[in-house]
Amino acid sequence: MPNLREIKISEIDRINVHGRTGRQLQPLPLFFNGSGIEVTVTGAELWVEVETDSDNLEPWVAYEINGAFMGRQMLLPGTHELCLFRNLEPSEPKTVKFYRELQAVSEDERCQVLVSGLKLDGEFLDPPRRSRRIEFIGDSITSGEGTYGRVEDTVWVAMYMSASVNYATMTGRELDADVQLISQGGWGVYCGWDNDVRHNLPSVYEKVCGLADGPANEALGAADHYDFSFAPDAIVVNLCTNDNSAFNQPPFTTPDGVTHKQHRNPDGTFLKEDERKVEEAIIGFLRMIRRHNPGSHVVWCYGMLGYEMTLTITRAINEYKAASGDENVAFLNLPNTTPDTLGAHMHPGPKSHEKAAKVLADYLRMQMGWD
Amino acid sequence: MPNLREIKISEIDRINVHGRTGRQLQPLPLFFNGSGIEVTVTGAELWVEVETDSDNLEPWVAYEINGAFMGRQMLLPGTHELCLFRNLEPSEPKTVKFYRELQAVSEDERCQVLVSGLKLDGEFLDPPRRSRRIEFIGDSITSGEGTYGRVEDTVWVAMYMSASVNYATMTGRELDADVQLISQGGWGVYCGWDNDVRHNLPSVYEKVCGLADGPANEALGAADHYDFSFAPDAIVVNLCTNDNSAFNQPPFTTPDGVTHKQHRNPDGTFLKEDERKVEEAIIGFLRMIRRHNPGSHVVWCYGMLGYEMTLTITRAINEYKAASGDENVAFLNLPNTTPDTLGAHMHPGPKSHEKAAKVLADYLRMQMGWD
Amino acid sequence: MPNLREIKISEIDRINVHGRTGRQLQPLPLFFNGSGIEVTVTGAELWVEVETDSDNLEPWVAYEINGAFMGRQMLLPGTHELCLFRNLEPSEPKTVKFYRELQAVSEDERCQVLVSGLKLDGEFLDPPRRSRRIEFIGDSITSGEGTYGRVEDTVWVAMYMSASVNYATMTGRELDADVQLISQGGWGVYCGWDNDVRHNLPSVYEKVCGLADGPANEALGAADHYDFSFAPDAIVVNLCTNDNSAFNQPPFTTPDGVTHKQHRNPDGTFLKEDERKVEEAIIGFLRMIRRHNPGSHVVWCYGMLGYEMTLTITRAINEYKAASGDENVAFLNLPNTTPDTLGAHMHPGPKSHEKAAKVLADYLRMQMGWD
Amino acid sequence: MPNLREIKISEIDRINVHGRTGRQLQPLPLFFNGSGIEVTVTGAELWVEVETDSDNLEPWVAYEINGAFMGRQMLLPGTHELCLFRNLEPSEPKTVKFYRELQAVSEDERCQVLVSGLKLDGEFLDPPRRSRRIEFIGDSITSGEGTYGRVEDTVWVAMYMSASVNYATMTGRELDADVQLISQGGWGVYCGWDNDVRHNLPSVYEKVCGLADGPANEALGAADHYDFSFAPDAIVVNLCTNDNSAFNQPPFTTPDGVTHKQHRNPDGTFLKEDERKVEEAIIGFLRMIRRHNPGSHVVWCYGMLGYEMTLTITRAINEYKAASGDENVAFLNLPNTTPDTLGAHMHPGPKSHEKAAKVLADYLRMQMGWD
């Protein structure tokens, strides 16, 4: 590789950085699934330099050439030089995207993906400039859990999650929009699937990546306040699947000794006061989202793993609308996952994500006036 | 046809009558699209005898053999003997369904389809007994408007409407359920597409067929109170598309001299007091539906021609739930019609109905515990 | 209908007549499935006048408005006035096609469909002029057998056959080409499915409609030599499915007392001398087709009900090519029918016809340079 | 990784080796795309050890867990330890397949993929035993060229080829059959796309991997006579696309100074004597295939990139059949690639491979009596 020159990622002007970043830009942390870098280059060859660490949840990464999926692999702790292409026609521009497949990790403090630089024998051109931006806030569905693996595979491991096969990514591609994902499997808007009330997205939304714990991530700025510089045109919230699940799960005692449990009435319906907690969390979250994104259209999507909280969510949205006068918020059911669209780990499979992306992209096209 | 014997429709014991009927059973009026008769017979040949009348809106009818669509035709005023099959193997049972394609008609007092009898050379066997029953209440979408004809065909005529290509029928077939349709193109839950407040489904829901006017229909019992003998397991209400449209249309003056108009605010949102009229109509209609169908699951479906009233509808449903304590009511978005699923007259085409039926059947399968 | 004027079919200048016709033009016989008339008219209303006769095989007809399927029905013996549309916008041009669904009939001498005239309140405009013409020569597949009815329906009756759901029609629509069908269920290129050697298409190809027997059809010119005025750009021969079947069937004795039987060797392969009969029939038929259609591309299609004779057919085509120097002849497998694409009477269903039409239209588009 | 034990690949008894191998088993060379190893193991973790070399054509590899695609990556020269899974439930059996994506390479003597061993913390169980075996012999189509990358990507590079998205692999999966691929992009049965007569598959078919040149590959046994131990039930030959191309390309002079060129007549048809060369090559190749696979059903498939040589191929097959008495050979068109199924580098894309696999699997199911 005699003609390759090495460039620090922070020194590249013509680059798209996807996903939230904080104070550290060199090396550049990829916190969320879908977070990544995108460049358009000439030359025959391109390499990316990545430093990773992890304990039990090793990161997976994927890459695209000119918008087509090309590779996907696990990165175990260490420094990696990955060749993204070789032997391509030097004079032709190539757009390459390198991104994280694994969701932000709250169970493995060591987990990190840091892009330190690129090596290439060509020049940087302007990368694609997209005029549309969409933020997705969600749970395991938005983390792409189950988009890889067989229906029979039911262990919870890193390799079954992805941004490469994911309704959020598909929606962005369909609409030629930049997307930003903030999601966590098992979490809700009020509590997690297991009644753990600490596991709610609002608690982390205002930080760069409130899901990545520990001193190492802190040093990367994960715990810093996010500057909300993405300024999305539309925000898709896809939450409440785990809040719903909590009604079916045993109580959970948090470290402070308090026991939490969402209850059902004897007839199976939600106990009103527990349902109210979810509603208040939704209302609070909408306020928070609006505070940081004054001009964004907000659509709460729900249904890919069951429709039971539809009326709960819409009640909260309507209450928020009435109280705030905010009319730029909406609700949309996404089609439920069925046996023929199921993926691994009892989660939506590739076909379910495709169906959801179709409905959502159609919605946004109409709502946003995007042709 | 030497061996054919003629039997009055009212004298057939082993028969399924689909759709609402009133006091008159001989000849049997088919008031709604999807209304019809279904028999299982032996013999080589089967005929149906029908009397029809109409002025500008001639009825269309269709028929199925063993569940497969076989024919569809216009019936102009007169008495008709239609051969439904010939030369089939006499000993084999054949299940035949003959049904109305055209919605109940509120603009043509003469329009009638009366089944007077059957002629056959075989015997009647027990027709299919389905343990599931679904009622559909809707507008032009449920009337199948645009399911026949080309996208370019934009005149409003009888031939573009159907029960043969219709999400309601498809849902019934998918779930092996009997279905009953009550629908009217252009009508809403509060007002019609053109702000005509007389055109609301609640005003006709309690009559056998409140849409069929005039002395002739009155004589058939159309204006009589319906006895709600269908007792559906589930009721699908697919309304508000026209209520939405009214916000975009000029005022309408009813014969009593009152002018009606649903307004938007300068920013395009609904004027609250006008939106409230729709909400109150929804709440009132849910009360009415529940009064007559105490055990039915009620799901309000919406979205096949736009999602704008989603939060209005859910607000009303939630208010109804809170006031009544009724927990057996739900909301579900059906996928919007897109350019690739559009039918004639700017209405959902066959592919849109198929997609809606898939989502709805999946919903009902899960909600009702129907495997 | 005060403003309707009646016009004899033979007096209409601006009309497309689809399918072969002979000396009689008034009333106009529709001999084959897909045979019909097509007009573009203004006015609010259009009627077609048809005289039909039959014994056991009653004709079915269908009609399209602006290219969209609208109706399909059985016509029992008598004179019929069928309204094809009403109440359409008078000033807008409407293109209407009325056509025969039932194949040409060789088992019912009385079977006839005669179009005598039209009634309308508008004017005739120029009907669509298509620059592409395709002739299809086939058996039950091209007669659309099984395209209506359930998979379980296995009786051979008229209602299961069609031109409305048929790969030939679909191919024509996809390529915007006029199509002409000559087909007969159970017939082959050498013999019928049951070893009846009289049932071969070459024996009738040179007559207007050699399949329609009896004095009544003779009077219509069915037995006359066809003038080959259609001059197709491409000819699709879809034969040998029944020639293949004959190898599995018992012997057949023709009225002349001769017994015919196609044999297999003990190992299941075709007995060479019997296979040779099929090859010679193919070669002879190709010569006949070429003699009457000197400029047409001829493609022999095969496979929708099994691939076993592929090498037999191609052997014969190659021998014909070598002997004649004719290079404008080709072979193409169409995809076999599978359990998920099966129709009634063990024949290709709608999905199988769609798949075949896709492959064939793609072939013709490339071969003919049709964009 | 304290509990991992390392096992040489040659010392594993319970393993499926896919693809041809020669005398060297340690480390195990993967010569062809689709060549690989498959094991069923318990334990939480599995690693594969691979040694690779290459110059301009770096190998790509892919892996599946329980039949689901999991990862795909480039391997540059060196020794690699790839983790195939981690943290899975130790007691559950996992079936893992690790295989080569890149076709056998004839342009890069250094190109090698050698599997030296596995590391795991579990036990080996019996891997899947499949009773069906299919061999595929082909060109760039069977090398999966264009199955990765965008339609606009037209450079010839390793990363666009695959076994992971490939009609051969898909057919095997659909039929639960082991498959073995022998293919080379640009090669034909008589000559390559550019008239290079050295580039014909028959010349390499009898060697373990006659495509892999040079002393290093020779040392692996690539040039040795293959023992034909695979004993396939069916052999799919998918050749002649490049033989066809040669008729459109300029002459090629081989190193011996002889110039080769396939000619067309002025009317565009093949010059008979040049077409004859292809036919003789087909006949010779069929003899060779039969000699080494006496009991296999042989089906020559053709059409995924154009149908022009259909009659040439069938003529040769028929001549071979007549001369040899071999009746266990057939021909089948696979559907041509169309603009909507095109992949990168003007080759069949994923959808085209899926369509071909459907037709081929249906054929084999019926022909082989495979339910």
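Each chain gets a letter, A, B, C and D, in the order it is written, and its residues are counted from 1.
Note that a contact is a pair of C-beta atoms (placed from the backbone, for glycine too) under 8 Å apart; a residue touches a chain by one contact, two chains touch by 3 or more.
Note that this is a predicted model, so its numbers are computed, not measured.
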| item | value |
| --- | --- |
| Shortest path length from chain A to chain D (each step joins two touching chains) | 1 |
| Interchain contact steps from chain B to chain D (minimum; 1 if touching) | 2 |
| Chain centre separation in whole Å, for chain B relative to chain A (CA means) | 43 |
| CA centroid of chain A to CA centroid of chain C, Å | 56 |
| Chain B and chain C: spacing of chain centres that average the CA atoms, whole Å | 38 |
| In chain D, residues with contacts to at least two other chains | none |
| Residues of chain A touching chain D in the complex | 56, 58, 60, 65-74, 76, 83, 85-89, 92, 148-150, 152-153, 155, 157-159, 344 |
| Chain D to chain C touching residues, read off their complex | 267, 269, 303, 306-307, 310-311, 314-315, 317-318, 321, 327, 330-333, 335-336, 338, 358-359, 362-363, 366-367 |
